[in-house]
Structures are given as structure tokens and as C-alpha cells.
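Each of the two complexes below includes subunit A, the first together with subunit B, the second together with subunit C.
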Partner chain A sequence: MVQERRLGYAFLAPLTLLLLGLAVFPGLYAYYLSALDASLETFRSPRFIGLANYVRVLTDREFYGAVAFSVRYTLIVVTLELVLGLALAIALNRELRGKRFLVSLLLLPLMVSPVLLGIMFRLTLNEFIGTVSYYLRAAGFPGNLLAPPYVPYTLMTVDVVQWTPFTFLILYAGLRSIPDEPVEAAIVDGAGGWQILRFVVLPLLRPLLLTAAFLRGIDAFKTFDTIQILTAGGPGSLTTTASIYVYKTAFLTGHLGRANAAVVILLLLLSIPMSRAIRHILRSTP
Partner chain B sequence: MRELKIRGFLALSVALTLLIVPAQVASQTPATIRMVYWPGPESDAMRKVVDWYNANRSAADGVKVEMVLFSREGFFDKEATVLAARSPEVDMVFTASYILGRHAPHMDSLEKVVAASGEGSLQVFLPSARDSLSFQGRPYAVPMDVSNHFLYYRSDYLNRLLTDSAWQRQYSEVAQRELGKALSPKKPEDWSPDDFVAAALFFTKTINPDSPTAFGTVLQAKNLIYNVMIWDNFLYGLGGSWFRSGFQPALNTPQAQKALDVYVTIMQKKATPAGSTSYEYGEANEAFRTGKVAFMVQWSAAFHELDDKTKSPMVAGNVKLAPVPGKKTHVHALGVGISAYSNTKPAVQKWVRFLATTQAMRMYADAGGIPPVRAALANPALAKQRPEFPLIAEHVEKYGYVETTIAETVPILEILAKHLSAAWALQVAPKIALDQANGEITQLLKEKGYLK
Partner chain C sequence: MTGARRKLLTTAGAWALAAACGVLFSFPVLNTVLTSLKTVADISSTPPKWVFAPTLEHYANVFYAAGYKFSQFLANSLLISLACSALLVVVCLPAAYSIVRFGIGRARLLPAAVSLRLLPPVTFAIPFFILYSASGLLDTRTGLVLVNLLGNIPLGLLIFVSFIQELPQELEESAFLDGATAAQALRHIVFPLAYPGIGAVAILTFIWTWNEFLFALMLTINKATTVTVGASLFVTAWGVLWGDVAAAISVAVVPTLLFSFFVQRYLVRGITLGAVR
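Let's look at the complex of A and B:
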């Protein structure tokens, strides 16, 4: 019995150590650094400054601007991705010629790295060599999609293009797993297409919708690569996300301690909606 | 007994051989030094110098040089991490003027490493490039590649402006109507920032329907520290600078306001493409290459591709260079210095002394590098292939300035990029942007002890 238990611990040990090394230690270290006047130059001998970094972050207007932009960005892109993902899943949840090819095509953006996608959009939106810009100009659109006031919405569109396939994939799998009986029963009861969607399909898909929203929400809030490539958070701070704020604080202004304080504050801010979301998902999962 | 003696002698000989031979071999094996570089044309050029050195000087100096390439994205962050860990794995640090202040505490000064004058000394290099890699008055790196800015212009259009009286009349009309100033065309070499703006408006189709180009110029207005370096030319050209005496920020001065007005006016009048707010080096080149732009302020590295008939067929042959209006050019250099944590310092010092020679720098220039050494850049044979090289030497020498090399250089650039890009995009009034930038820089320098 004791030997079995030991064996169990032995099997658990590698993963536990990995988790400690890659998640627990960096997490605790972030808390530790957030109380220090740490920079890349003073990394080996930083001063303890208590809560000064937290005060500095919490009195920085730019931090609130970055958080507000990230929240707005997340809400819009996740909503759009869920709606479009669901629409695509419903549209493809039937016998169609060339369906496999269509699904493969739909999943392509998911396989492109965000940095590469950023570069692709930088080229296609360029007003001298970009195809999108060319057709927009031909259609009489006078502006540039990477300039204010359009730029925040352009960034959101890039996210939607890349990540709608992800929600589509989850929801399509969910739709395929819905049994025929409830739908057939609803048809027998005289329900129309919209009523079937509203009262049968969506309730059954709810756990998957919540899971997709949760995963995309976390990811969208952390968005860094595409925005950094396309606008670097500008002009000014117009498109600075929380992640870009942390990156610039750590590596451009060199305040590692302050950047870690921002990370801890963000973690605290997000932990409330995240824990509620997790509870909600667990409750709605059979 | 005699046999025993012979055996003892043999055993002793074998033991001594085993002890001495490896020591001899070891003493002949050159010390290997590891030099960090970033991949690209700079490392390609350096590779040729390293290969030559390893083949021809390695045995005599007892030094073998190895290059370690970190990827270019986030290069200085990675290097800073290695230095912060005090790793002896790296003997030579790759640095740049704007990051030197952060690296210098982890580096050895070259003051006593290189010769005082002549070959093997830093006197081989142009003064502003040398200054750009000095920290608190002491040299820390050998300048390997120098970067500066030029005014790139279409000689076909600008020459016509100087000879065509109808264009000249139109130019003066545009300047009066749009700027309220009485200006007449001048040679690009003599432009002031006002002439730059007036010419930008003249060559913009929406303002002057007879313009051969859609836009007068193309600004690089993305929120990026390198774009601030380009704007700085106007600030310094108008007599301003980052600091008054003693690190007191001077971004809320009339000169800074006027420099910012250059960009703001061009943006307001749409004399630069609308997408300029997301433009950097590559986009500006693309705009110029399509022939829709008459001139631009750009990095020296662009000439090679813009005047190449295969890469830029629409403009090549008509691209000329002039000083940035105001006749000041930002100068920064990339260079290599000695890590304070190196375990092979005598070997590294020999390599550094070799790099500080005209011979090494000529080799570097021939291989595609841009060393700030007059003798290398003005070499007539090389100038045939790279006609911009002698101009780089001339401009860096005559018009070059270095903003600062303190450790806070990048944070200051970052503050400026944030606030100026908002003004460039017409999101914030210029005065507010400058006041905010000045305030944040003041706060930063107070925190770091530069100001009381």
C-alpha cells in the first residue's frame, strides 16, 4: 500500500515539478518583483519599495486607457466571433458538396501565426501596394483603415478574421453532437427555424458557447502580437492593450517592478469575472 | 639495478611527455571569444572580417573569434537578460547608441584597451559616431555601423522646380495661400523646415493639381522610437534639443513646437498618405518607390534599394540625397564592446584593437557594413557601388548629433513616441503633446536622480 502510494507520488513528481517551475515560481516571482525597484540594470540588486509600484500604476492614466481598450476590444471581438462562428456552424451543419474543402479553408486563418497575420494585413492595407486599400479607394472610400478613427475597428476585424474559425470549430462540434430527437420533437410541435434555434439548439449549446467565450475572452484580453505589428499601440495610446502596456513598461521604459505590479493588478481585476465565469461554466455543464 | 634505472627513466619520460605535451598543445590553442551580433547585413559583413581574422591572425594573436547570433526581434531585451545574469558565456556585447546607457554598467570601458591615437585607436572613427558609443565621457564600444538620415528627393521633379518658371510661380502661390508665407523654390541642399513644408504642399495633387506626384512627402508617424529619431532632426535643425543644461527637458520650447508643426501641417494638409500614422521604414520606402511621393526624410540604409533599377524601377536613377532640412542629422551607431563578465579579456582586447584599424573597417565596408570611418566610406572603388557612402561620411561629420547616451534614452524615446505620435495623428493638440512629454520626461529624470 505504502509502496503504491510512493509510486503514485513518483509518477506525479515530474508534472508537479514542471508546474512549479513554469507556473507557480514565475507567479510568485512576479509578486516579489512587484515590490522592488527592479530594472534590467538593477536586476541583481533591486531596492525594496513596498507598494510604490502599485501606486504608480494605479495613478497612471495610460494604464486605465489600456485596460479600457482591452475590455472594449474583448467584448466586441468575442461577441462577433461567437455570432459568426455560430452562423458558420449552422450553415455548414448539413450535407453540402465540397464541405470538407470549405471547412479546411475556414480553418486556415487559425493556422497562421498572429505576427504573420499582422504583417499580411499591414501589406494588404497599405495604400500603395495593398489590395484591400485599392478596392476601397476604387469604391470611393477616402480614408485609410490603419489611421484614426478606423484603426481600432480594423484591429478588431483582424482578430475576428483569425479567431472566428476557433469558435466555429467548437460550436460545429457541439452542433454535430446534438441528438436529433429534441429537434424533431420541436418540428412536430410546429416550431419554426428561429424557434428551434432559440429554444432548442442554443440551450443545448450553452456550455460550449460559454467555454468558447471564456477561452476567447482570456485570449483576446491578452492580445499583443497583431496590434504590436500593426500599430505598436498607437497613434498615441489609442490602441494600447494591457499586454502592450506591460511590455512597454518592462522593456522600453525598463521598469520591471512596475510592469509586474501592473500584471498583479490585472490578475486581481480579472480574477473576479474569471472565477464567476468558471463557476457558471461548471454549473451549466451536465 | 641498471634495468630498474632504465625503466624508471622511461616511466619518467612518459609521465613528463603526458604532462608537457597537452600543456604545449593548450598553449598553442587560441582562446575562443564569443561575440554577440544580430542577424542581417551587419552580421554578414562582420562574418567576413571574422573569417579573415581567424584565417590570418588567429595563430599569431592566439585568439579565435566566434559569432553568436540572437534573432533580431527583441534582440536587446535578450542581450540585457544575459548581461543581467552576469553570464561569462558572452565575451563581446553588441550594442547601439540608444541602448548603451543600459549596457555600459555591464561593460568595460575601452579607454585603456585601445591605443591613444593612430591605428588601433578610436581616432580612426568619425567623432559623432565615437561620441554615440561613449557613456559618461568614456568609450564603451567600437562603432561598426553608422546610421543617419538624408533628405531623399526626386531629382527630375526638383530640378524642374528650379528651372520651370510656371512651377515656380505656382510654388509661391501655394506657399502664400496654404502657409501665409512668401517662399520661392530653393535647392534641396539649402532647404529649411519651412521650405520642406512648402515643397510638400506643392507636390501634393489635392493642393496643386499640376503636381506630378500624389503626395509631397511621406512621414513615418507610427508610435515607434525610430520615428522619433527622424523627427528629432527638425527639432535640432531648428535650434532645439532634448535638454537644456543639466538634463532639464526642453520639449516645451518654441523650437519643439515649430518642429512638431512641420509634421502637423503636413498631416493636416494631407501632403503625406493617410496611412502614415502606421508607417515606418518599409512603408515609407514603398510609398517613395511607387513614384507617388516627391521626397522624404529617410535612413541612410534606404538609398541602396531605392536607387536600384531592379528593386525600384520607377524611381531609380532619379533619387538624390541632400541634408535633412535644418542641416542636422541624428547619428547612432551599432558597435561591439567588452562584457565585464568575460573570462578571456586579454584575448578580447586583442580583437578590439584589430577592429579599431582602417584595415578591418575597410574589409567591413567592402562586405556591406557601413563603418563610420572616412577612409573606408570614401574609398573610390567602393563609392562606385555605393555612391551614398562618401555622403554618409560627410553628413555624419558635418551635421551629426547624438541626443544622449544615458540609460534613460529608450524610455525618453518611448515617451516621445507615445505623445508625438498622438499629435502627428492629429489626435492631440501639439502643445498638449509636448507639455505632457516634457512633464513625463521630467518625472522620469527626477526618479532616476538626474534632476532634483
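Let's look at the complex of A and C:
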């Protein structure tokens, strides 16, 4: 058995090496970089500047704007995705005509790369050739939803379209695994639909609702792809999320060190929800 | 209101909600595919045409017109995604076996993998950019394979762990009694039984790698550009040619749509544990 254990370590060796090389080393390097004046031009010979990058980030109004936008975006989309996902799960948890087809329509956005979905929305909402824009204008609504003041809400809609299928799928699987007895008992006791939902179904779905909320919350906070392709954080910095702020600082203004300082601050902000999410996921998934 | 009528109304309401969301959710894809089949004149006609004579000119443009390197983008994505899938299975399956059967790494490695799933990818983007610039991996397919491996380790490891946990241990034990080593047990017993899990991990990894954008944007210049970044280049550089853009993204979503058909059962787990933002 000793030999078997040794083999066990051998089995883990490639993964451990990979994690050391691809996660631990670059991660530590990121902390080190945050204390350097590394820019796109000078990153081969940077100077140590202590906490100056952190001071620059923490006194940058755009940073606070980006974090505030990410928080607002996250709260709104996660709420909408949970409510809509739950509503769809309840709606489809019965015999319906064409149910299989409806489910595959609903799941479609999940299979599409976020960037490509973003481009599809650009096409659909284009001021001149977008089909949706045309009908909106014809109905007397504003025709360009990619311009302020509507654009933040358009971006949130894209997120809802992309990820509601996920919350739906999780909650649908959960609903189908709820045993009949508690629901039937509630019906016998004379409970109405809303009471059954509130006092029987929701408590049973709680772990799954939490998983979905944690994952969507953390993922929504770091949204990059769809917004980068739709607005690149603009106009101005109206739709700049935390991730886009880091990207702009690093690759558009060229301040690699400062961008890393922003990353470290963001990780600090995320550390509490992340550690709670890790505990929850490890307890409930495998 | 009688019970039967009430039930009919709820069913109608449920159907209406599902149908409305189904139309809303699939409309962008449908609209894109339709646009890719329209002539330039039909694309810009008002009101929008829903019935038209389809054309394949945009697809021909995407693949054959001078100046586009879309075939190269496709080839890059294909190679990177395939290599990443294969390597991920090779690295994660033995590791998961070790975690489940010997308990090595369960305390530290597994939570570390989950936290990797939650970390923002921008955390790694800048150090990778600098390390790649210094080591010549910038703008190479190898570089993107490595970074996508990192992104998919949580998915591979956690799916394999939960999969192996569900396999009956008796088979391996009797193999051990017959004098087999752990390597032989893994190869001849676990590996064949784990085919569905391996397929799911390989396909999900392929999909996430194919769909990945952030690293591909920051770590490529022009040689290793993938389809997602390539499609975004179409938008900015040839913004007016919406027909070509639509054709390019229609082609780019086909592999993931096809593959995800096979892994529908695993999608929830895949996204919960996987490298998707």
C-alpha cells in the first residue's frame, strides 16, 4: 500500500506542477508587480515604488465608478436572473405542449460564447440595420438602445438573456428532485399556490438558490466579454466594470503595475463572498 | 373559478411565459443567421425583410475574400481547444483518482481548484502578458493552450472527482487482490468506466476554450488569434459589412452548439464548476 500511495503522489504531480507554474507563480508575481512602476514600455526594467500604485488607484474616481457600476450591475442582473429562472423552472415543471422545443430555445444562449452573443446584440440593436431597433422606433420608442441613457440597461438585458438559462437549469433540476409528499401534504392542508411556493418549495430549493446566487454574483461582478464588445466600457466610463477598468489601465493607458494594484484591491473586496461561496459549493456539489 | 379552468389558465400562463422567453432568448441567434443569408441590400432594407432569397455570398467572403484571415482564426481555435481538452483529461483524471481513492490533496488541492474557478481572469492576464512577453509565448497557440488549461482545471478536477466517487470501488479492490497496480487499475478499470465523464470534461473544456475571449484578446497579436477575438476584429475593422460579420459568427457558434447537444446533462455541473464568467 505504501507503494500505492507513492503512485498517488505521482498521479498528482503533473497537476501540482501545472498549478504551481500557471497559478501560484503568476499570482505571486502579480502582487510583486503591483509595487512596481511597470508600464507597457518599461516592464522589462521596472522600478520599485512601494504603495504608490495603490494610492493612485484608491484616489482614482474612475476606479470607484467602475466598482459602483459592477456592484449595481451585479445586484440587478442576479436578482432578475434568479426570479426569471425560478419562474421559468416553475412554468416548465409540468406537462406542456412542445416542452422539449421550448427548453432548447431557452437554453440556446448558454451555448453561445458571450462575445459572440454581444456581437449578435450589436447587430440586432444597430441603429440603422437592427431589426429590433426598427420595430422599437416604429412603435414610438427610442431607436438606439446602445446609447445613453439606455445602454447600461441594455447590457444588463444581455446578461439576463445569457445567464437566465443557467439559473433556470439549476432550479429546474432542483424542482424535479423535490419529493411529492411535502407539496401534497400542503395541498391537503389547504395551502394555495403562493403559500406552497413560499413555505414548501423555496426552503427546499434554498441550497440551489444560494449556489446560483453565489456563482452568478461573483461572475457578474467580473463581467468583461459582453460589455467589452458592446461598449468597451463607454461612452466615457459610463459602463466600465471592474474588469474593464483593469483592462483599460493595463493595455490602453499602459500602466501594468497600477492595474495589478487594482486587481489586488478587487480580490480583497471579493475575498469574503468568495470564501463563503467556496465553502458552500464544496459542501453541496460533489 | 372551478379547479379545471384554473388549471387551464395556469398552464396557458406557464406556456406563454416559457414561449416569450424562448423567443427573446433565441432571437439574437436567429436574427444573426438570417442576416448572414441576406444580400447587402436586403440587410439594410426597411422595414426588415423576413422572407428573402437567401445568398451564401457572405460565407464565401468570410472564407475566400482577401484581407480576412478567418480560416486561420478557426484553425487556431480548433487546435487550441483540442489540445487543451486532451491535456486537461491527461492531467486531471489521474489527479482526481488519487484524490478520491488515496485522499491525497483533498484538503488543499480541491478547495484551491474551486477558488480558481471563482477568481477573476484579469487577475492572471497581466502577469501572463509579461511572463509570455519575456518567454516568447506571447501570440503563440502554446501560450493560449497553457492559459486555458489553467482556466479549465477546476472543471476537469471537480467533475472527475465526483465521477470517480460514484464508481463502485469493489472492481478495483478485486483487481488489487489479483496483483494489479494502481496504474493498471486506473487504465483498465477506471478509464473505461469513466468514458462518459471523460467525454463530458473534454467537450466542456473544448467549448469553454473555444468561447474564451479575455486571454485571447490580451495574449495574442495576430498569429494565434482565435475566432472570438477574430469575430470582434470584424466588428471594429469592417463594421459596415454586417453580412460578413453575421456569417463569421454563425460559423463560429456551430461547433459549440453541436457539441453542447452531447453534454446537456452535464451543463449545470459544467457551468457551476467550469471556466465560464
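Note that in this section the second predicted complex is superposed on the first by the 271 of 286 C-alpha atoms of A that agree within 3 Å, B and C clash if a C-alpha of one lies under 4 Å from a C-alpha of the other, contacts with A are read in each partner's own complex, and residues count from 1 in each chain.
The rule is short, and it goes like this: a contact is a pair of C-beta atoms (placed from the backbone, for glycine too) under 8 Å apart; a residue touches a chain by one contact, two chains touch by 3 or more.
Keep in mind that this is a model prediction, so the values were computed, not measured.
**Q** After lining both complexes up on subunit A, report clash or fit for subunit B versus subunit C.
**A** After superposition on subunit A, which the two structures share, subunit B runs into subunit C.
**Q** On subunit A, which partner's contacts cover more residues, subunit B's or subunit C's?
**A** C
**Q** Check the residue A:110 against both partner chains and state whether it touches subunit B (first), subunit C (second), both, or neither.
**A** Touch status of A:110: second partner only.
**Q** With both complexes superposed on chain A, which partner does A:236 reach: first (subunit B), second (subunit C), both or neither?
**A** Once the two structures are laid over each other on A, A:236 reaches subunit B alone.
**Q** When the two structures are overlaid on chain A, which partner does A:43 contact: first (subunit B), second (subunit C), both, or neither?
**A** It touches subunit B and subunit C both.
**Q** Output check: A:147 vs subunit B and subunit C. Expected answer is one of first, second, both, neither. What do you get?
**A** Only subunit B is touched by A:147; subunit C is not.
**Q** Between subunit B (first) and subunit C (second), which does A:129 come into contact with in this model arrangement: first, second, both, or neither?
**A** Touch status of A:129: both partners.
**Q** According to the stated criteria, A:205 is in contact with first (subunit B), second (subunit C), both, or neither; which is it?
**A** A:205 contacts neither subunit B nor subunit C.
**Q** Name the contact category of A:227: first (subunit B only), second (subunit C only), both, or neither.
**A** The answer is neither, since A:227 touches no partner chain.
**Q** Looking at A:253 after the superposition, I want to know if it touches subunit B, subunit C, both of them or none. Which is it: first, second, both, neither?
**A** It touches subunit B, and subunit C stays clear.
**Q** Which partner does A:120 reach: the first (subunit B), the second (subunit C), both, or neither?
**A** In the superposition, A:120 touches subunit C alone.
**Q** Flag for me the stretch of subunit B that overlaps subunit C after superposition; candidates: 9-17, 45-53, 63-71 or 207-215.
**A** The one stretch of subunit B in steric conflict with subunit C is 63-71.
**Q** Considering only the contact definition stated at the top, list the common interface residues of subunit A for subunit B and subunit C.
**A** Correct list for subunit A: 43-44, 122, 126, 128-129, 251.
**Q** With touch defined as at the start, can you tell me which subunit B residues reach subunit A in the complex?
**A** Residues of subunit B touching subunit A: 74, 77, 80-81, 83-84, 86, 102, 105, 221-225, 273-278, 283, 286-287, 290, 292, 407-408, 410-411, 413-415, 417-419, 421-428, 433, 444.
**Q** What residues on subunit A touch subunit B, complex-wise?
**A** Listed in rising order, the residues of subunit A that touch subunit B are 40-41, 43-44, 62, 122, 125-129, 133, 142-144, 146-148, 151, 230-238, 248, 251-254.
**Q** In the complex formed with subunit A, which residues of subunit C make contact?
**A** Where subunit C meets subunit A, its residues are 10-11, 13-15, 17-19, 21-29, 31-32, 35, 43-44, 46-48, 90-92, 94-95, 97-99, 101-102, 104-105, 109-112, 114-116, 118-131, 133-134, 146-147, 149-150, 153, 157-158, 161-162, 165, 176, 181-183, 186, 207, 210-214, 217-218, 228-229, 231-232, 235, 242, 245-246, 249, 252-253, 256-257, 260, 264, 267-269, 271-273, 276-277.
**Q** Could you please specify the touching residues of subunit A with respect to subunit C in the complex?
**A** Going through subunit A, the ones touching subunit C are 3-5, 7-9, 11-12, 14-16, 18-19, 22-23, 26-27, 29-30, 33, 38, 43-44, 84, 87-88, 90-92, 94-97, 99, 102, 105-117, 119-124, 126, 128-129, 131-132, 134-135, 138, 161, 164-166, 169-170, 173, 193, 211, 215, 218-219, 221-225, 228-229, 242-243, 246-247, 250-251, 256, 259-260, 263, 266-267, 270, 274, 277-278, 281-282, 285-286.
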